[in-house]
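In what follows, subunit A forms one complex with subunit B and a second complex with subunit C.
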Partner chain A sequence: MTLELKDVSHVYAPGTPFEVEALRGVSLVVEPGEVLGIVGGTGSGKSTLVKHMNLLLTPTIGEVLVDGVDARSLKKSELRRRVGLVFQFPESALFAPTVEEDVAFAPRQLGLHEDEARERVRESLRVLGAEELATRAPFTLSGGEKRRVAIAGVLAMKPEVLILDEPTAGLDPATRQDLLALILGLREAGISVVLVSHDLDEVAEVADRVSALHEGRVRAAGTPAEVFYREPAQAPATVQVVSLLKGSRPEIGAPVRFKETLETLRALRGV
Partner chain B sequence: MENPGEGTRPGGSFAVSCENVSFSYPGSERPALSEVSFGLRPGEYVGVVGPNGGGKSTLVRLLNGLLRPDSGHIRVSDRDPATEPFEVRKRLGVLFQNPDNGLVAPFVEDDVAFGLENLGVARHEMQGRVARAIRAVGLEGYERREPDTLSGGEKQRVALAGILATEPEILVLDEPTSMLDTAGRREVLRYLKALRPEKTVLHVTHHLEELTGADRILVLNGGDLIADETPERFLSDADLLRENRLVLPVVPRLALELGLPPTRLSTPEELAEAILARAESGTRT
Partner chain C sequence: MTSRSLGQFYPVASPVHALDPRAKIVATAVFVVGLFLIDSTVGLLFVAASLVALVAMSRIPATTFLRLLRPVLLIVALTVLIQVLFSRGGATLVEWGIFEVHSGGLRLGIFLALRILLLVSSAGLLTATTAPVALTDGIEDLLSPLKRVRFPAHEVAMMMTIALRFIPTLGEEAEKIKGAQAARGADFSEGGPLRRARSLVPVLVPLTVGAFRRADELAEAMESRGYRGGEGRTRFRELRFRKQDALALSITVLVLLVGILL
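Right, the complex of A and B next:
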């Protein structure tokens, strides 16, 4: 699926004293099978933006297109199955007595045969490395385990685009890395991933392209190198280090990921 | 390490001490904390790290008397938080992760004063304390701003000022930057560093780069105190890091891979400088 936002603006509480223009003329495309990173400071409009991708919010101006077709012409239930959205701190919405019941909730709403629903639950839990949690009660799980179960619930819908809003906030570093590996695995399986994060280091590791938001506008968009080297002061640590060296070592390239950066630094003369 | 807490046995000279503290949540099979012992000397800055579910949040709740230990003893400024929670909270302030949950008043200065009103501090003294606290977090000129209009980093600084105004001896920072973007995190850390050495600080975090300057780092995993180490030893112990689901941040990890000392290089500027210095000296390690 190609998901496109065209010149989208969003105004909260229009016509009231509390009116806020949260998005201003935002355009972007999520290509099939890519990881799109959405970065920006607190209040830059990231969460408002992704809620437009499955029409939880409708644009005040502009449009959302699914394979070139106006998303409003699609059935909402169908759109939300194909574009799965995992909110911030999704574990707060776990409610069923066991993990497998929780993950099964959404596929059952699709009217799937019970065997098919169970198979999807098993598969989603397996992808997230959470099979052994199936019969546990959600409230007995740790923060990282709950987060994985909540993501499995959305994955069980077999979305074509998976949107993760700050999926690693509050998780320990190793669990964060597991989630990044999962994102790359989903991409391998042909699922597009939209990763919203304020952690530039993690976006640097997985994104194919990046859109940087500032005060509701797209301030920069392109490959991670194009976006991050434009403003190295607000870039991942790898880009900051390399940018600082460029003054005396103009021959140095523009690596972004950790491994590329390490190779670049090792290749520097005399280092 | 073989004997966690050795050399920091509870005694009269500690701002905070825990002796064989255990706690289980009702209905849970495994203890959230078991037999945890450590002490914080006045003016120490000590980090607490460990995986999700390791016991960090439970420890914070025990220290300010929200929970009572099943066994063992806790002393905070020579008081027991289980029996004197209000006295303890005058001396130990907690900064939580999400500043949005804590800000209540219409203006910044009222928010900073809120805790003082609850302590019954006289009005003329209150004004001085609020002004000092606002200065300590660099928010002069923000007194009449509405908290809703502030950035995440600014809100967290307001929350910190509210705690500083109550003049606690001890500060517990519970993942104080986890909801902030990179700019907000740097900004808050700058003011947290300035708390030393006047306050005793216990700083809970998932971000190891925040603790490179700490006096010690405690590791809680599965309810056990696994280690009590200096940052230098801890950050260079790859096994200890891996076993506790910790990953070195990008800058020290690059330093380590390049054969440079990871604990003294926590910012991109420091690493870039070290790389250039080595290139110029022409030595290869």
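Right, the complex of A and C next:
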């Protein structure tokens, strides 16, 4: 399916002193079977943006289109099934006594037959390399294992678009590599993936296209090569800084310059 | 964030806000006790007028303050109704089936309603004009004489501060988990009350687990920063009991005495 955001703006707590404009006229398209990377600094609106994709938040202005049809006209449960959203730190929402039960939550909410639900649980756990965890209690798992289980819980809905909000944040390298491989595997299976991240390396590694957000606006969009190299001056501050630190190319790792930091620390200690 | 409820701090600058929290806590306690010593409606009305003047001084908009009172209006209405319907004494005003309304009942109903409203208003004014942290500082200081009998005054105050501090955090956490479960097809608005209560299980379990984890982390972070209880701990905000605090307390006692004598 094609998921399109058209000129979407979002204002939190409108008409109060706490009013915040989190998104301003954001337009982007998730084409079928592509990996779209969304990058940007903290507070740039990334998480607010993805919550619009399954209408957990409704746009203050603008619209969300699914295959050209206004998403608001679809049934909510239908939309949430087709557009799977994995929150940031999704393991904080694990609740069932066993991993199986937790992953089965979404299929059961969809009203699937018990056999079908079990089959989906098995399949999603297998895709995430977490089959052997099925009978364990979620709270006894390691951080990486919890993350795998939580993602399986969304994948069990068999979404057409899978949105991953910072899926590799705070993960061990092995799980991180597995997740990036999963993203490419999903793309091959024709499932679109939206990867939200501030790790430019991993976005450069797996994304077909990238949108860079800054202060709630799309400030750069295109292939990773275009966004990361061609017009560095147009990129948001974080992209520029990271590029600078890493010798202007995301995949080339240069030692982080911490001379200034060291000097500040010395000054504080009066050395 | 936008809705204000009973007991919420209303941050504006006013002479009432500027008072020492200890003075306000003691004055409120004295006020509440005093209310029960007043036995005439006239006395209560006099005290009520003084409280209205105090609210005006606190620069809290009248509409906001009245909204603070809304949750107790039901209790007040019920009290009045019960007194009016079931209290006897005085002249009979209305007779309707088994119900008789007597002037005594009506008077008692109004008297009790006034007393409840004054109770709640005084407590509401205290929390509306005192920042939570100042309030717990004041409570700690007032409880500190009890340290001699090994009462952990500082620890109790610290627990209150932490509890208040984490109410919004837990609220945010609950919102986040609700969103994550909604993305997995949970629906919190459909079905009868039982079904809706059951649909909250996937929210309450992780919220509780998260709260315990957060508590552990906070305790470790506090220990890492050298926290080891109240012994020998100094304060960033020193409480100062000034002339206006003594004045405020004296006026409170005076108003109550007049109310009792009226």
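By our rule, the second predicted complex is superposed on the first by the 229 of 271 C-alpha atoms of A that agree within 3 Å, B and C clash if a C-alpha of one lies under 4 Å from a C-alpha of the other, contacts with A are read in each partner's own complex, and residues count from 1 in each chain.
Throughout what follows, a contact is a pair of C-beta atoms (placed from the backbone, for glycine too) under 8 Å apart; a residue touches a chain by one contact, two chains touch by 3 or more.
Keep in mind it's a predicted model, so treat the numbers as computed, not measured.
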### Query
With the two structures laid over each other on chain A, which partner does A:Ser27 touch: subunit B (first), subunit C (second), both, or neither?
neither
### Task
Please work out whether A:Thr135 is in contact with subunit B alone, subunit C alone, both, or neither, and reply first, second, both or neither.
neither
### Query
Is A:His198 contacted by the first partner subunit B, the second partner subunit C, both or neither?
first
### Task
Could you figure out whether subunit B or subunit C reaches more residues of subunit A?
B
### Message
Output check: A:Gly144 vs subunit B and subunit C. Expected answer is one of first, second, both, neither. What do you get?
### Response
first
### Message
Quick check for you: in the superposed arrangement, does A:Leu94 touch first (subunit B), second (subunit C), both or neither?
### Response
second
### Shared subunit A surface residues [contacts with subunit B and with subunit C]
none
### Query
What does subunit A use to touch subunit C in their complex?
13, 16, 18, 51, 54, 56, 76-77, 80-81, 84-87, 90, 92-96, 105-106, 109-110, 139, 153-154, 157
## Note on the structure
Within the complex, subunit A is touched by subunit C residues 1-2, 173, 176-177, 179-187, 201-203, 205-206, 209-210
### Message
Residue numbers of subunit B touching subunit A in their complex, please.
### Response
28, 50-53, 97, 151-153, 175, 178-184, 206, 208, 242, 245-247, 249-251, 253-254, 257-258, 268-269, 271-272, 275-276, 278-280, 282, 284
### Query
How about subunit A: which of its residues touch subunit B in the complex?
40-43, 140, 142-145, 169-177, 198-201, 234, 236-238, 240-241, 244-245, 248, 258, 261-262, 265-266, 268-271
